[in-house]
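Next up: some structures, all given as structure tokens.
Okay, so subunit A shows up in both of these, paired with subunit B first and subunit C after.
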Partner chain A sequence: MADAAAAAAVPGDAPAGTTVLDSLGEDITRIVYPVSACMLLVVLLVSLLSSPSSPSPLSASIAAATGGVSGGGDDDIPTALITALTFVVAVTAATFLLALLFYLRCTPCLRAYLGFSALAVLLVLGGQVALLLLSRLRFPLDAVSFALLLPNAAGALALAALAPASVPIALHQAALVAVAVLTAFWFTLLPEWTTWALLVAMAIYDLAAVLLPGGPLRVLLELAIQRNEEIPALVYEARPVDPRHGRNWRLWREGTQPGADLDARSTVEVIGEVLGRNLDANSGNSSSSHDNEADGDVSNSRPRVTLVAAFSSSDSTVAQAGEVSALPEHRVAVAEMSVPLIQPRPQRSGEEAVEDEDGIGLSSSGAIKLGLGDFIFYSVLVGRAAMYDYMTVYACYLAIIAGLGITLLLLAFFRKALPALPVSIALGVVFYVLTRTLLEEFVVQCSTNLLMF
Partner chain B sequence: MTLAAGLGYALIALGPAFSLFAGVVARKPFLVLTVLSSTLFWLISLIVLSGIWRGFLPIKSGAWWAYAILILTSVALQEGTRLVFWRLYKKMEEMLDAFADRISKPRLSLTDKMLISLAGGLGHGVAHAVFFCLSLLTPAFGRATFYIETCSKMPFFLASALIALGFLVIHTFSMIIAFNAYDERKKSDQVFVPVIHLAAAVMTLVNLAPGGCLIGTPLLLVMAALTLQHCWRVACQRLTEHRHQQHNSN
Partner chain C sequence: METRVAGVPEDEESGLLPRPSAAGRRPSSRGPRLPHPPATWATVDGPLGLPLEDAEGHARRFFLWGFACLPFLWAINCCYFWPVLRSSAASSPSAFAPIRPYVVRSAIGFTIFSVVLITWATTFIVGGEQLFGPVWNDLVMYNVADKLGITGFMG
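On to the complex of A and B.
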């Protein structure tokens, strides 16, 4: 039996042999947990703050703004399509502008812009959400304390989000998730058809922008690859933290397994390996399994695989209203460009230890990076599903996670830049429709009669 | 009846699942992924089922035989899906073993395989509990409670949570029994699992009669205990056999 053979092959190690199962899939779970946390927070916020009996003053103002534009204010399909289209056009323009700035090596501009947008989201949106929560939960907090706490918290989180090297990684990740949650909650305040149209339009845009030769994201990525630089952007990195060292700096995983070319923890490698694509790269490098190919050709080692989703939150409907004075700065493209989903380390000399170079046999660059735009749109979908019923929430959550998994599979298979939004959004929308039309009726019919199987 | 009650019902239905998750599944990331994919799989089977039955709903309240047919078809479909799940699992096991050989690490041990089947079963149980119980619990967080006509002694949410608990245990552990049976080709266990599933599902038909839930729910929990005991026996047996084989071969 296979078990006996396996047991015999590992001499005298019956109880505690670490098998492949121990660490496989770790990098995927490290990205699934924060995505789930973000979705959970948005669902909680939506269910707390969007009771139909008392529409929040914000949604009323947005409704008024939309109504003012479309001259009727009803939430119908043509209005939704027009809004979505406007949004996509704005996002495209913003991304081209960013690409231009990147091309001109205007990195301070980009960084300043990022900082400004993160701070704006945290201060303005965060402040308004906090106010809503305070009034809904009847939490006693006076105005002076609030005025002291809010700017401090917003500033600290913005700093944590933008300067990952100087802040504990947990705080950095929490700040990014906070930004995503706030932005996603705001998007859910749009009327229903508009939200769905927006999601579908962004998914299509993402697909086009990454895969078409003239797409802005593709241009941006190619520039980054050419110059071997990282695009300054708000991306969520799921890098493991080693608590042994007493400081919460990020540590690259050390792949010091003798004779092991592949790190079992990098699921993408596993998938690629299993699908037989890894064989060329490995056979060429198996002899130098420990070499720090510091200057090794990037092309020879694991090729860069990237997943991109970009967005910029230009709430164009509100922008046209003009009355809402606080909002133009969040009309500014909060370009959370999410760049490489799976990013092999760029060749950084100096501070980082040599172990994280790209050579085969060293630490897997299994640190999956997912852009904040993906977080936001996933959470918008789930938040909108929460406005209907919790059954749709669960179904859409599972669909989105499945979409993420499928995207990773495709990534390992195709090994080129892939957008992270389309598959998940498509699956999410399909499951939402199916649940709402088919499943709900069936399950409610069964379980209200206490009939289960 | 407020937050406490709602949380209480949710924990009745899902408490053991949380403990299993935190204690066993969360330690190995692969098992977390298995739980998620298993949940998705069973959700798809539920959607297919509801697609098939959509045309016949809503069922008139007197027609208990319609419900019986519904239960029969649902259980049949789900058992068929279990076989499909088994095939997928076998393929994945091959891939994992090949990968383990490649990086010269030991292959999947017996404990690993049982853990994967536990995670698969947990996914099934969680899917059931979430969709049949948790998604209807939202009103329980409000101010009042709800009784249905045929069950006037227990709040609806409590009955639903207890039944969901029973089914969670049944699904989780019957997956272990089933995978073990398919692996060892034991006919008796292969039959045991669908029979238990069918029996438990038919048991819930009792709930259609007035006052039936007072009989049905405890019986269901008894069946859950039965499944648990059988699974314990099967697992112990398998593990001691395995250890003997190892000793003999060493």
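On to the complex of A and C.
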């Protein structure tokens, strides 16, 4: 079919004037920028607002709820482990519940839940952070303006986060980053050992849930693949590098040249193809026969597509427009799971639930998708490092970005949906410990002996 | 429309040379390259944004909902349809004509709202206690927050 012919001619098909490297760097940059921006904002908030001398009421009540050891924010390892374990169990249960709801096709439930949690985070946590900032900076804003601006901003950002088709892409991405920043800042208020235990526990949970056959996230992924549906979830999607992947272009092109093949491809797809052309040889023949509008049909799509699964709603509308050729950039992408967080403190249980996602992959337009949960936990790690010193912040930031790069490489190698947390969190924790024990000693000694500053 | 390659006689070479496909009628297209897209994208996202047929309903919905004390929806409307706003009324493409009134009215509404709000906030900040008297302390947000105790749980 024409699709197979286009596929076979891959090396020579790069648009004139740009190479794979140009768009490859751009793709990765467009996912590293928002992650870095999120971390930077959390570090700023933590530096401005944290007062490490006084234990926060949050930690005191956690200690009280878990049969706390000593009064005041004294946290120790058993309490931390218990809290982390409780949290992971709660998240697992919630994910299974979500999988059940998805199985029963209660999509309005899921959407309403997403909307409620996004709005709650922006309104409650956002209001709290704004009030803390106003108090700390002594900025004399009056109550009337505040009462007018806060619900407005929260509503607009929640709308932007949930309905990406109705707002500029930049605003949608900014809203997702805002939700991540607020949640991450809230998490950094936990006591120290609890935070670290939580991070490690979530990394292990992510690894297990996505890769083990019985894991909740994997179940959800397979369900979505089977049904060719999109899981309603909060996922950050980088802007596609090539605007020809946009829905408008496709529709316009449909009108002028029906059945034409698109020669533009996403960069990760090209990497995958270059890496695995031998693997593709066998399965390419079988998939070429499925050139109908089953652009969500995972099992028949080319293997290079399997990096991510997520159906965007725009794809389904294009499918209904009767698109004939199996465009290479259509891929089945399963949106990552939404993992609600339930607060560990019993008296506030059920009040707040935040949607976050785990996992990394490719979207139907070829751009990289990263779950919001990954944003949140990366920022929590860096925020907690900021509470110690800026040296640890730099080390952890570099470690996390390196971990993200490694995860993207693994994505290109393995061509499966992968958890994005484990590698980065492992590197981040290792580098935090190393910096605090070894590097700090070294730098302090050098400075006091005037060797280097 | 010219469909043959310039300088090549059609009858002799028709079977030998690759020909630009007949579907590509624009003069700039050749071979597998796609022709340049139309320059009339209504949204600021260009080819990734809303298609034209959805744009009018969207603009109207945001304009009407903005009246429910949500002026930021007007701002989003203006930002999203920035190309529509920027093109002057005379030279804008006909496709923009149904969208334009809503976007312009949203811009006016948001301008009025922001002017009123900024004036009030600036008066409050600059005037301080001299202008308002003891009421100022009751209206300042950080005092209100302390009084209501809502900054409590975050420490």
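As a convention for this text, the second predicted complex is superposed on the first by the 276 of 453 C-alpha atoms of A that agree within 3 Å, B and C clash if a C-alpha of one lies under 4 Å from a C-alpha of the other, contacts with A are read in each partner's own complex, and residues count from 1 in each chain.
In the analysis below, a residue touches a chain if its C-beta (ideal position, glycine included) is under 8 Å from a C-beta of that chain, and two chains touch if they have at least 3 such contacts.
For clarity, every value in this text was computed on a predicted model and none was experimentally measured.
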Which superposed partner A:Leu439 touches (first subunit B, second subunit C, both, neither): first
Touching partner for A:Tyr394 - first (subunit B), second (subunit C), both, neither: first
Which of subunit B and subunit C A:Ala165 touches, first, second, both or neither: second
Touched partner set for A:Gln226, first subunit B, second subunit C, both or neither: neither
Partner chain(s) touched by A:Leu132 [first = subunit B, second = subunit C, both, neither]: second
Which of subunit B and subunit C A:Leu148 touches, first, second, both or neither: second
Subunit A positions touched by subunit B in one structure and by subunit C in the second: 13, 257, 260-262
For the subunit A and subunit B complex, residues of the former touching the latter: 1-4, 6-10, 12-14, 17-26, 28-30, 32, 257, 259-262, 264, 270, 273-274, 389-391, 394-395, 398-399, 401-402, 405, 431, 434-435, 437-439, 441-453
Parts of subunit C lying in touch with subunit A, wherever the complex brings them together: 21, 23-24, 32-35, 37-38, 41, 43-51, 58, 62, 69-73, 75-76, 79-80, 117, 120-121, 124-125, 128, 139-142, 144-146, 150-155
Complex contact set, residues of subunit A against subunit C: 13, 15, 51, 54-58, 127-129, 131-132, 134-135, 138, 140-146, 148-149, 152-153, 155-156, 159-160, 165-169, 171, 186, 189, 239-240, 243-249, 251-253, 256-257, 260-263
In the complex, subunit B residues that touch subunit A: 28-33, 36-37, 39-40, 43, 46-47, 49-51, 53-54, 57-59, 67, 70-71, 74-75, 78, 95-100, 102-110, 112, 115-116, 128, 130-138, 148, 150-151, 156, 159-160, 163-164, 167, 197, 200-201, 204-205, 207-208, 213, 216, 242-243, 245-246, 249-250
